[in-house]
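Shared chain: chain A. Partners: chain B in the first complex, chain C in the second.
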Partner chain A sequence: MATHKAFTQEWLDAWKQKIAGSQEYKEIAKEWEGSVGLICNADPSKSIPNPVYLFTDYWHGDVRDFLVCDEAKVQTAKFIMTGDYARWKQVAKKELDATKALMQGKLKLKGDLTYVVRNVKTINKVIDLLTEVQTVWPDDV
Partner chain B sequence: MELHITNHAAEVPFSFMVQELLTGNIEKSEAKYAVYKKMRGIAAIDLPDIEAAVSLHFGQGTLTIKPGISPDAAVIIRTQAAQVMDLNALNIRWGLPYYFDEAGRKVIGLLFSGKIKIKGLLSHPVLLTRLTIIMSVM
Partner chain C sequence: MQNGYAGKFLQVDLTGGVCSSFTIQEERLKKFIGGSSLAASLYLERFNLDADPLSAENPLMLMNGPLVGSGFPGSSRFAMAAKSPQTGIWGEAACGGNFGPELKRAGYDGIVITGKSPHPVILSITNNSAEISSAAYCWGKDIYETTDILKAPDKNIKVLAIGPAGENRVIFSAIANDKAHFIGRTGLGAVMGSKNLKAITARGNQAPGKANEEKYKEIFKAAIAEIKNSAFAESLHLMGSDAAMDLGMMTGDVPIKNWTVGEDFELSAKLSGPTLTETYLTKAHACSNCPVACKRVVAVKDGPFRTEEGPGPEYETCCTFGTMIMNSDLAAVIKANELCNRYGMDTISAGATIAVVMELYEKGIISLEAADHLDLAWGNMEAVMALLGKIARREGFGDILARGSVSAATHFGAGALDSVAHVKGLDLPMHDPRGFHGMGLAYMMSNRGACHLQHAAMGMEQGMVSWPQLFEMKEDYDGKTSQGKAQLVFDSENYGILGNSLSLCHYLLYCLKPETVRDAFNAITGFDFGFKDLLACGARDWTLKRGINNLLGITVKDDVLPKKILTVLTEGAAEGSVPDMKLLRDEYYAIRGLTTEGVVSKEKLLELGLPELKEKLYP
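Up next is the complex of A and B:
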């Protein structure tokens, strides 16, 4: 199975492909509409010299743009999740539950929390599918 | 719509989630606002798996969130972080939590299996029901 460097466009494309190919996701996410921006804070000690900005867009079970982007683009997202590199890595490796991370303040969410809680199964499924992407992490190289 | 919610539990990140969730829920619904204005008493939420606990002090139109479990709490909901979301998913029908659909049956199952423990379930049903109503995101 192909591996992808984390936070690259290829990695995002692989994630998008996983989501697009999931019938279960289509069912769970049929109510979801809107984009989610992901921000990984800079951590030079982990080979992340600058913040990473990712834009992901979902629409009623379909997936639209998945882009490595700039800060301005990420700020246009309906929801923005921010966290340190170590947290994102834990989430993507299924070592940390994203919901728990939000409750513990390890990840921060900007956007309508009630909408997110109402659609928490969608969020969990998207993250489950991320854990299936074979990832090479910058600090593991 | 004045909610008068004060958070004195800044050291518990979960408290901000509770505050935001309740604010969002109540502001979106006149019915939930009416319920909120009737609420009086202390309810606590304890999530031992993430070592987070908050007490919600309701005063008929005011809410003060404090860290930890108040010894005066009439209702204490103790569960795992992931399961507290199931309480938020309860539907409200005819002004009451509805336990006869998928979300409701799941909560009943969690109660019977002991995965959600509620102190005050029988002794303070009004406060518990009202809390469930304003916590529901549905």
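Up next is the complex of A and C:
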């Protein structure tokens, strides 16, 4: 199976494909509307010299834009989740539950928390599908 | 009043109609701090443990902690304690609201009530004095009516009252502070009712002082910043405790159909915090000095379950009157909550008992005739409303249920007991230990019977908190593993109990850094406690209450999970998983210093500075 370097456009495309191909996701996410911006804080010690900005967009079970972007674009997202590299890596590997990470303050959310809680199943499914993408992490290279 | 404590306790003898006061030495306060911990130390020293829970001899105690009245976020809680009529062992419950701080402003750290009044009375406490007067004008009235009557002369009077359930000694009856905050568990409303004490009021104007005001101000600012920064606090503010419903359904935490079904997302979506917020919420409400404001104020404007604007249901109530009895109508949950509030009944035990009889009805063990012709089909909320009234008034079938789930099931035959999920006679709270084995152990070992608030196991096991400064802990635990959970439960009890002794709401315990809690305690009291000292107070409390329970007959045979929880679910996140009761218990006993019989060892008693208890347990 092909591997992808984390936080690259190819990696995002592979993730998007996994989501788009999941019938279960379509069912779970049929109510979800809107984009999620992901920000990974810079961590030069882990080969992340600058913050990483990702824009992911979901609409009633479908997936729309999945882009590596700039800060301005990420700020247009309906929800923005920010965290350190180590936390994102743990979340993406399912070593840390995204919802727990939010509650513990390990990830920060900007946006309607009530909506996120209501749709926690959708979020978990999206993360589950990310774990299926063979990922090479910058600090593991 | 320069150290968080008011400096004296009120002693009330209802038989003689006499009020006096007493003091407690600082050394004892340093050992037990406050809340139910202090109550347990007084109980062991002064009272007859063999007394019937509903007799004049059984004391009813109310205790503040040192943080109460300080204005520190979440520090409004006070505890009440007595030998429980529901379990026959140590009973206690705590609530937020505003009564604790007002009692301290009136000059008292706590109240010890003994005896029984010959007629219904009210205890009124105002600035260093107390008075007993007739309650003839409000006996028989519900809690909302009673509270309105007692607050009529001055809305700043704070009220603790029982309703008809407490008057009638329903064994899961509750005590309400200003209609919205409940001393819910272990049936202390019945103890109050057995003393013919309808209500206690408090009014005071003495602000408690702090040992180090300047330091406290700094810590207070840090605490507010931590709360503002907490997504957990934000979720509580936006959705109340019922924010837990959606996530709980995903993780296998939510009990369904009297613990027999593992997953039902449609049901949880209709009963969840976000749904409550979008439909019936009129505003958020806070306990005294709490910026989180997790309490819900709700109104159902039309339909068969119309209610006036009033206190809304917590997560536990949305389960007991929702998922547990297969009711998806949130308006009906709100109505059932209002009825329990007015009658004065614990919504957990009331709903759990109804879930049990619905199951027995489905199995044909209870007939339509036996149920006074109420159709107890799952989700029949008209029947539930009628039943709540019958329980509170102890009418017919309701009288059987008023004795609690264990007694009611026994009434319908020994086999019916398998339908009851309880530990030591207390119905399980609404968190399923099959998804979280640590919670199972915490239920087994909690000193008041199955409890989710005598520890912080939920926060730790479900990953809502991270406290590496206190003890070694993992970032993430596998809920469906029993191995190693004893240490988690031990640690979580010591810190959770400490929060109770300080009178700090557990939600705030979850939001605040342990350093902030420790520093606030030291700045207010002038003590110089480190984490080790604080956790030792938690351990001492647990051991003291366990020793009291040992004296009341509790042994290893009582540290068991109910059959419901040892039965696997066939769907959902907890599918196929049950706690390994023996492994959990064996590991825990070793850590806690219990003998194989479940009795506190002599060594442990001496290590924790409990020589009086050692004398009684090992005469």
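As a working rule, the second predicted complex is superposed on the first by the 141 of 141 C-alpha atoms of A that agree within 3 Å, B and C clash if a C-alpha of one lies under 4 Å from a C-alpha of the other, contacts with A are read in each partner's own complex, and residues count from 1 in each chain.
Operating definition for what follows: a contact is a pair of C-beta atoms (placed from the backbone, for glycine too) under 8 Å apart; a residue touches a chain by one contact, two chains touch by 3 or more.
Here the structure is a predicted model, which is why all the values come from computation and not from measurement.
K.L.:
Of the partners chain B and chain C, which touch A:96 in the superposed model: first, second, both, neither?
P.N.:
Once the two structures are laid over each other on A, A:96 reaches chain C alone.
K.L.:
Classify the contacts of A:104 with the two partner chains as first (chain B alone), second (chain C alone), both, or neither.
P.N.:
In the superposition, A:104 touches chain B and chain C alike.
K.L.:
In the superposed arrangement, which partner chain does A:118 touch: chain B (first), chain C (second), both, or neither?
P.N.:
both
K.L.:
In this superposed model, does chain C or chain B come into contact with more residues of chain A?
P.N.:
C
K.L.:
Hey, what residues of chain A end up touching chain B and chain C alike?
P.N.:
97, 99-100, 102-105, 113-115, 117-118, 120
K.L.:
Could you list, by residue number, the parts of chain B that touch chain A in their complex?
P.N.:
Those in contact with chain A are residues 13-14, 16-17, 20-21, 24-25, 28, 47, 49-50, 52, 81-82, 85, 88-89, 137-138.
K.L.:
Applying the document's contact rule, which stretches of chain A touch chain C when the two form their complex?
P.N.:
It comes out as residues 90, 95-97, 99-100, 102-106, 108-109, 113-115, 117-118, 120-121, 124.
K.L.:
Under the definition above, what is the set of chain C residues touching chain A in their complex?
P.N.:
For chain C paired with chain A, touching residues are 229-232, 234-235, 238-239, 243, 246-247, 250, 265, 269, 272-275, 277-278, 462-466, 475-476.
K.L.:
Quick one: which bits of chain A touch chain B in the complex? Just the residue numbers, please.
P.N.:
Where chain A meets chain B, its residues are 97, 99-100, 102-105, 112-115, 117-118, 120.
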